[in-house]
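Paired with subunit B in one complex and with subunit C in the other, subunit A is shared by the two complexes that follow.
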Partner chain A sequence: MMKSLLEKLTTFIVVLVLPLMVIYFTVYFGLRRGEPKEIEFTSKATLAPKVDHAEFEILQQNFVNPKDVTAACLSCHNKRDDELMQSTHWRWEREAYIPGRGNVKIGKINLINNFCTGAPGNNGSCMRCHIGYGWEDKSFDFEDPTNIDCLVCHDKTDTYFKQKGKAGWPATAETADAEFAVPDYNYVSQHVGLPDRDNCGVCHFFGGGGNNVKHGDLEKALFHGDKKLDVHMGEDGSNMSCIDCHETKNHNIKGRAYSVSAENTNRIACENCHTDSPHNDKVIDAHAFKVACQTCHIPVYAKKAATSLWWDWSVAGRKDEHGNGFKEYDSDHNYDYLSIKGHFVFDNMVKPEYYWFNGTVDHYLIDDTISEVPVKINTLFGNYSDTAAKIWPVKVHRGRQPYDPVNKSLLSVKLWGPEKGDGAFWNDLEWDTAIQMGMAYWERPYSGQYDFIETEAFWPLNHMVSEKDQVLSCVDCHDRQDSRIASLNDFYLPGRDFNKGVDYSGFALIFLSLFGIVGHSVLRIVAPYKFK
Partner chain B sequence: MEKIKLYTRFERFWHWTQMALVLLLILTGFEIHGNFSLFGFENAVRLHNSSAWSFMGLAVISILFMLFSHQYVNFIPTTKKLKEQVQYYLLGIFRKDPHPTTKSFYNKLNPLQRLIYGGLLILIFPVQIITGLVYMYYHYPENPVDVAGLQTAALTHTLGAFLVVAFILVHMYMTTTGHSLTSNVKAMITGFEKEEHKEKIEEKA
Partner chain C sequence: MKKILVFLLLAFVITACNKKSEVQTVDAMVESALTHVKLIEPEGLFNLMNSEEIYTLVDVRQELEFYYGFIPGSVNIPRGSLEFKIGSQEFWDGIGLYMPEKDEKIVVYCKKGQRGILAAETLGKMGYTNVYALDGGWKNWELAYPDLYEKDLDKLGGHSSAPASSGGC
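Right after this comes the complex of A and B.
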């Protein structure tokens, strides 16, 4: 009796208790998820200035020309002009190595884009965002330090602005209007400091002719956003300024915009602060071999204002019954049609597209001959077997823009001009003249014929990082039907991929086994009666 | 009624723990493969990894057990009575013929079982373990051993998983082919099986 009870107890332990314990610990330890690391941080832009510029006599003088302010700055901050004049903010070009091409000089100064097609020739408007005074034409002196506009980046009063259409000049007594007053140079120059969002955003949030048109992840809502909009810049969170990530030494600003860059250097990496095991969790951290942090942490971009996704210049130039250009809006109050610019598709809360990207980029250069449609304004390099490449979220800006069907090249257009009748497209809505003027400024050949061709430009996303409860989950990619990276087919992705041969034969095997079992059982039931 | 001892405490623990782990591996594995949603993808991955580690740990312990207890002899394949065993399942069983082989502590598996279980233990499980480890550690080109992506490991692992599922189905059915429908399962629980050859027992009595 005792023995049988002991046996039953042993049985209970070895076939139920112990296996369940193994399973319990397997599940308990299996489901444990690492706690992400917290990052300590102090914002640079809010650091108190080391000196009180108001006490400097040289800043008390009666400034009339802002170039005199620059001279005053440089009288103390000597050699800073040398640093600055090497920067791309000044030159709008830099030498870069492009695989397959070698070293080329590229930048806004010679690249064509698929927004307003290109800056040179439209200086009055475009060069408003140059950090200098008066880059009106090719005669601008890049070697004159007093042409540098120190204030646009270092003004802490938010009262200093460059005037529209004045090639980087602020308003003067003659040009001042309701929108732009003459800056109070004493007040501004006595209140300078490290750049904050207002300084950077005034240009970088408005690229492409309006708020968030270009980047999609940089817009004016970031001046005063919350954590939902951008977890780094949210005023209710870390409240970081641009230069906290875009660390700057000797006026060399870290960070790359691949619309104008080509090399995998001087970049900012999330890992710089967050380490390479930010999740403190092996399975998730291992993704970083092949997946950029941005891919999961920027699930949508253009979270507030819409961004341009399609810009069709081919329909631009329509006039109403009075011979004037007109505007039409879509149901979300975004531009749908502008006579001066064409047809747009704007959208917000956009899901990125995903591409392999190793930090190097090719560009359409002005001497290139078009060989494929859509024409790639830039090309992100990378693929699965490239150890430097990661899957990256990208804003792809597509559209149609003027090209020369004879020379097979994208055209540069004179869009902006100071007044009606000067031939600029935005004044007169005549393509042929505007193209001739544009190509002449760029000193490029034009056959005299133009048509429109589809182009696409690739903008890797970095900003508008979401809060952690908003990031992508596994099945956003690891899914058979609806994977965000369905188009990246050069590797096997669990959950998304399977081999039809393997799966079909596998299920056939299971089916045959079941069939055999059922058949055998039936025979076992029926047969004994027959054998009787 | 005579009982013979077939399975030690460790063997019973091994069997049922392995059953639970394999079940967990199958469920989580096919969820990761995209066939259904049960635990959620992330939990499925985590549970698949942890149950794989438990499985491997159990495998090491059981190999040691078999070596030291000489129980490995049960898995040495033999052709003796193999034909009879096959014939039994294809024919004899329908006539309620007696089993062609008898079980004992050092001969608890019939020739067909030796072949199938042996195959499972030395072919399918090692393949699953190796491809699984490759899956966990060696699929990124950054690793010293570059297997150029998951493709090969993943497809082999999937194929192995299908074979395991097929094995389980047939194995479960075969438990009903003892001298009663439940005697085999009972033996794996209690460790003892009632002797089958009633005639002999009656003769002795």
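Right after this comes the complex of A and C.
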């Protein structure tokens, strides 16, 4: 009786309960597979200041010169100037180790780019985005703390701006115009706090001379974007500010720009918040060993405004029938010819190019000799066999820019000047004088001959992260016809690559398995009869 | 009665299984077209332009897209009027070009490639047997051959215009 009951119970469990449990748990975990883990955070930029600056007597004085505001800030926030004056935002250079070169000083102050070629010598225009007042020439005092512009980063009123062409100064009573008024220093200084995206974006969204020209993934639409534009910064989503990722301690802002930094230090990574296994799916998580998060999660960049992909200085300088410079536009109203800058190709919703990248970068330095064409403004290190390297999405900015065919070096050009006739290219459209002035400022040799040469610069993408239903799927890469990473052919990628030996070995294994199953079944059927 | 019910049930199941969605997304339409439309890369078109082969290059963008920049030698036939103009002797006489034969090579392009693929599919349905769509369209061409382009500024009333705020520094 007992035995019979036990047999029935065993049969019940094996036949009904166990299969149901298998089905239940398969469905349970299957439904949850691929669901990313939720991250909780509080946006720092929206936190209320711990003090009311309007109550401080020192901020109630009648400021006329912004340097007096800085002095007032430092009277309470002492030693902050020491921190800030060590930063790259202040120095525009840092010491870095580059393999094959050793320790070198690099930064905007001494690197050539393929946008406006370089900042030094064009101080009136470029140094508007320096966090100081009046870097007009080499006499600028980097040790004077009152030269620090605290307000450009800490203004919470959105009324404080540096004036165009004034080397970082705001408008004065003499220079104010319809676009730039004299700031109300009392109002601004009494309403300060942690930087929000307006403070960062006013410079970083307009790099290269206009909205989204340089980066491709940083533009003014991010001031008030939605989740489709950037899943982190979308106002209808996480609504994060820049400093939520670019964490800052003692004015040291984490998250170096990959394109202008050399070492893989002081950077930020998606894993800092999302961990290294965020997908709840082991197969996808395993991809992170060789694939950067950005590769799948930034399928396109320049989602709103177009970005510059080609900039050809060789055709700059043309004049119309009246002897004046002119502009032409493409059908999307992006300029595609400016006499002062040359010919452009702009585009939006751009698919990135993909490269191996281990976080370290080489640069064309001002004393380098050109050894290859196109000249690489920067070089991303990494390849498949490099254990630190991953596949990254990259914006590549290509173009032609002036070089010295005798000295075989890229040239620095004096582009900006305050008035016509001063020799600056944007005023007079004359190359030779502008190059002489540019090279003289940089104290570099110029043979007197110039021509134009093709260059390319590589900008790893980090922003404009897409929502999860817009990210790349398997077949975007694992596809024989149209793989996104078709150009990375130093490794075997299943689905994209094929090898007859591997393919036929696979088929053979499948057939052998089938043969084994069928053979085993036949034997099981035949055996009882044979041994009866 | 029981047989009728079983028959109706079977009929319902079969028709339900066979029912296809009549609504297609543009991506699905392009993907479907790509199963039989041939693509040509900018390098292939460049080589064709420098060969002796007879070909017709058709830009299927709207006129106001075309005038701002196009591949040299292109004929602008917006996709909306493609079916009506491609075989119209009057149209080709009007622009002073020979009307392409049905077996002649035709390359169509748009801004980024999708309209061109659908236009190539349309031409295939009309009996044109040697049609190619330019992969990536005008934007891909611009990046591959940034020096090889034309504009029709006369049609735009002189220099092209844009919002005053653009132009950089």
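The definition used in the following text is that the second predicted complex is superposed on the first by the 466 of 532 C-alpha atoms of A that agree within 3 Å, B and C clash if a C-alpha of one lies under 4 Å from a C-alpha of the other, contacts with A are read in each partner's own complex, and residues count from 1 in each chain.
Note that in this section a residue touches a chain if its C-beta (ideal position, glycine included) is under 8 Å from a C-beta of that chain, and two chains touch if they have at least 3 such contacts.
These figures come from a predicted structure and were not determined experimentally.
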Subject >> Partner chain in contact with A:V345 - subunit B first, subunit C second, else both or neither >> reply: second
Original post:
In the superposed arrangement, which partner chain does A:A48 touch: subunit B (first), subunit C (second), both, or neither?
Top reply: neither
**OP:** Name the contact category of A:R33: first (subunit B only), second (subunit C only), both, or neither.
**Re:** first
Original post:
According to the contact criterion defined above, which of subunit B and subunit C contacts more residues of subunit A?
Top reply: B
**OP:** Examine A:L514 and indicate which partner it touches, taking first as subunit B and second as subunit C; both and neither are also allowed.
**Re:** first
**OP:** In the overlay, answer first, second, both or neither for which of subunit B and subunit C A:F326 touches.
**Re:** second
Subject >> First, second, both or neither for A:T11, with subunit B first and subunit C second >> reply: first
Original post:
Does subunit B (first) or subunit C (second) touch A:M2, or do both, or does neither?
Top reply: neither
**OP:** Name the contact category of A:A178: first (subunit B only), second (subunit C only), both, or neither.
**Re:** neither
Original post:
Touching A:F498, do we find subunit B (first), subunit C (second), both, or neither?
Top reply: first
Subject >> Touch list for subunit C against partner subunit A, complex >> reply: 61, 64-69, 111-112, 139, 142-143, 146-147, 151, 153, 159-163, 166-169
**OP:** Could you pull out which subunit A residues touch subunit B in their complex?
**Re:** 7, 10-11, 14-16, 18-20, 22-23, 25-27, 29-33, 283, 286, 289-290, 384-385, 387, 473-475, 478-480, 491-499, 502-503, 505-507, 509-510, 512-514, 516-517, 520-521, 523-524, 527-528, 531
Original post:
Quick one: in the complex, what on subunit B touches subunit A?
Top reply: 9-10, 12-13, 16-17, 19-21, 24, 32-34, 40-43, 45-47, 49-51, 53-54, 58, 89, 93-96, 140-142, 148-151, 154-155, 158-159, 161-163, 165-166, 169-170, 173, 176, 188-191
Original post:
Which subunit A residues qualify as touching subunit C in the complex?
Top reply: 116, 125, 164, 208-210, 213, 309-310, 312, 320, 326-331, 333-336, 338, 341, 343, 345, 347, 349, 398, 416
